Amino acid sequence: MTHSELIDDLVAANRILAYRGIFDAYGHISARDPSNPDRYWLTRSMPPADVTAEDIIAFDLDNKPLRAGENRLFFERVIHGEIYKARPDVMAVCHNHSPSLIPFCNSDTRLRPMVGNAAFLGEGAPVFDIRSVDDEGDLNVCTVPQGSALARALGPHWLVLLRGHGAVVAGETVRQCVRHAVIAEANARQQIEATILGPVRFLTASEIAYARRMKPKDADRAWRHWKRQAMAS
Amino acid sequence: MTHSELIDDLVAANRILAYRGIFDAYGHISARDPSNPDRYWLTRSMPPADVTAEDIIAFDLDNKPLRAGENRLFFERVIHGEIYKARPDVMAVCHNHSPSLIPFCNSDTRLRPMVGNAAFLGEGAPVFDIRSVDDEGDLNVCTVPQGSALARALGPHWLVLLRGHGAVVAGETVRQCVRHAVIAEANARQQIEATILGPVRFLTASEIAYARRMKPKDADRAWRHWKRQAMAS
Amino acid sequence: MTHSELIDDLVAANRILAYRGIFDAYGHISARDPSNPDRYWLTRSMPPADVTAEDIIAFDLDNKPLRAGENRLFFERVIHGEIYKARPDVMAVCHNHSPSLIPFCNSDTRLRPMVGNAAFLGEGAPVFDIRSVDDEGDLNVCTVPQGSALARALGPHWLVLLRGHGAVVAGETVRQCVRHAVIAEANARQQIEATILGPVRFLTASEIAYARRMKPKDADRAWRHWKRQAMAS
Amino acid sequence: MTHSELIDDLVAANRILAYRGIFDAYGHISARDPSNPDRYWLTRSMPPADVTAEDIIAFDLDNKPLRAGENRLFFERVIHGEIYKARPDVMAVCHNHSPSLIPFCNSDTRLRPMVGNAAFLGEGAPVFDIRSVDDEGDLNVCTVPQGSALARALGPHWLVLLRGHGAVVAGETVRQCVRHAVIAEANARQQIEATILGPVRFLTASEIAYARRMKPKDADRAWRHWKRQAMAS
């Protein structure tokens, strides 16, 4: 994948997640630079639906823009740097306020995989409570201690819920990160509805373990479909 | 902010709230005149989606139009005057029938903040029962005793639910008032869904207190995004 | 109201109810002829979204088309004739499968008014079970005994639910009938959500009695807004 | 029905199911060849929303494409062949991940008919668990043993739910198969909502038996309406 293909994927990722209601005016997704793992690409602070290639700029893992003079930056970009530091396997990070995930952020009920393509949720998504870092403050993840505690809460998972806030989703690629975010939202909605019906059967431990070893079949079909829908909107 | 900027914000507010399903054929939002706190601006009685600058007229705090001969007026404009009288800090008032708020209007379960940007809900939104004013009648707030009782029920809060009716939302600006209305609807939906999952964790008292002291970061990004969406529709 | 205004309202009613998801491919709404109470106007059997003035034909109260040779007719038009016979005050009848009403059709929980404009639901909508007429058959109301039993189940109400089927809604005018149908759908959704929160407070008996005596304020504003939305779609 | 009419129906079926959210990027529907019951027609592996007549190719009941050199094929096409082998009366098969069906896939609560047009669900939809075939693996139905076990789980029914996965729907025609899929999704949503209200009354055994003997009235009206909506989108 060339650099321009990566930027193209990041633009599409912003548009897809906005089109599907996972981003509203807020939310951001970054990609680690494949040619320099100590850098990542992220948009300026702006609504995801409006992102173009020109809005994507490079940061070091301390979340400093490489080009001097940038001043419209996300306050919460520390999330990206800290996760890239803690997880060498992660190549893309997304922070969102995905509507159906919020109920799980504020509940003891764990978000668990309903269907095969949600196996990345494993035994259930961890929940990060920012008050484990600071006794007081708002809910935003803006400092290195907050970001590194969030990265620890993520641990080896692909999604961590933030109490009173939203979610952080990781992927081995931008496309996988988007897929995780889209599937998590659908899974959450379906788990809430299943809870109404009574006890819920989730994927089994062996199914989750199997999914960890195997690649999904034809995952790019969804990416291409979602991209076409979003870019045409 | 100039007068024409204020009117422009009021038009956009009507369009945003209609676009997002918080207003349907009914609902209204007003702004106190910053150069004369004894006056406020409100549209004629009409569907919010159709509002233009020409539809916005000035009222005194007794809800009389300043210009003689106006006859298409909201029956419930007393809500605006009574809240402006009772709350000098309030510069914008919105009355709506926001769909996800109705269940909380008719329940002992309080609407409480799920996420950081809903901290303005505090320890929970109060509920006003119009039958505490009149033993009999409809649910509309049309008289001064009804309006002033509603203002008392609002108290120092930013949102009051009306039993069997809807909500009244206040703000320090038109934009903040719209933000309160949009966030309240989302918060209500998410609280209902979280209730299905089991006991709900809300913002802590210290988080609510912190939010009262601090301004939200970059709140205007949502306004600009919502406005562009609504005006393009 | 002239005859052409009545037909215009019936066309708009079909389009509004289709636009708002209360009609899908099925559903029908009729108007009693104000100049001849023994006749009513109803479309041919067709999807409501496609209705034009040319599709509306006259029937007698035995549900026979006045013009010979009509053969695309609704099987369930007996609903209209039997209700017009039983209820001289009813000037419009709508049969639909409004999605949020179905859960109440199949439940002991009564559909009851959440908000002032739903006061027409009174102490709760009755439920008609077609198996009280025939021990066996489908769920459609196609015979005079079925239609007249349905009209008896409606009694003095404005809405009757049909077990395993949908609803029949009545009005003093086409516009009121549409308003009843739209409000019933919203009320049902909100009552389901409120049930999740705990015990639900409905309108009081005195509020329902008051609404029976009084006309709603400015009801035509919703009609005009809904019509403009639907006709532009 | 000519061959080109059948292909036209298959194209419309893909578009309808995509338009109505029953297919997303995945899902497929096939038709048995009426002139040769040992063959069926199915699209290449592609998003259903993009299907045209050129994308539909012929398979034998061992799921081999009749024309050599085809390589973009659905991994799960074994579902189609095995059901056509087991059920001579079935002329169309659809596999989907219909969102409101997923909660029933993972629950002991059976999906049962709420309304007359859902009578094809009978006493309740069976649930197939792929782990009854293999102790380990993913959730996809890709092998003959998996496909034939699925066909056995379907038995004489028209819909089988797949634990952790989705549904397989059958029909006597493409149009009936689409109708089953659309109605099942609506029925599932309404059953979940009815469960919130309390015990649910389903169709009676005699109503289900009656529906088995009788054709629905005017079913093609829905097909034509859904097709026009989907093709115009």
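For reference, chains read A, B, C and D in written order, and residue numbers begin at 1 within each chain.
Here is the rule we use: a contact is a pair of C-beta atoms (placed from the backbone, for glycine too) under 8 Å apart; a residue touches a chain by one contact, two chains touch by 3 or more.
Keep in mind it's a predicted model, so treat the numbers as computed, not measured.
J.: How big is the rotation relating chain B to chain C when the fit is done on Cα atoms? Please round to the nearest 5 degrees.
T.: To map chain B onto chain C, rotate by about 90 degrees.
J.: Given that chain A and chain B are copies and touch, would you call their interface same or different according to whether over half of its residue numbers are shared?
T.: different
J.: Report, in whole Å, the distance between the mean C-alpha point of chain C and the mean C-alpha point of chain D.
T.: 33
J.: Please tell me the distance, in whole Å, between the geometric centres of chain A and chain C computed from their C-alpha atoms.
T.: 47
J.: If you look at chain B, which of its residues touch at least two other chains?
T.: Counting only residues that touch two or more other chains, chain B contributes 196.
J.: Going by the touch rule stated at the top, which chains touch which?
T.: A-B, A-D, B-C, C-D
J.: Using the touch rule from the top, collect the residues of chain B that touch chain A in their complex.
T.: Listed in rising order, the residues are 113-116, 186, 189-191, 193-194, 196-204, 206-207, 210-211, 214, 217-218, 221-222, 224-226.
J.: Sort out for me which residues of chain A touch chain B in the complex.
T.: Those in contact with chain B are residues 24-26, 45-47, 49-50, 75, 97, 99-100, 102-109, 131, 135-140, 163-166, 192, 195-196.
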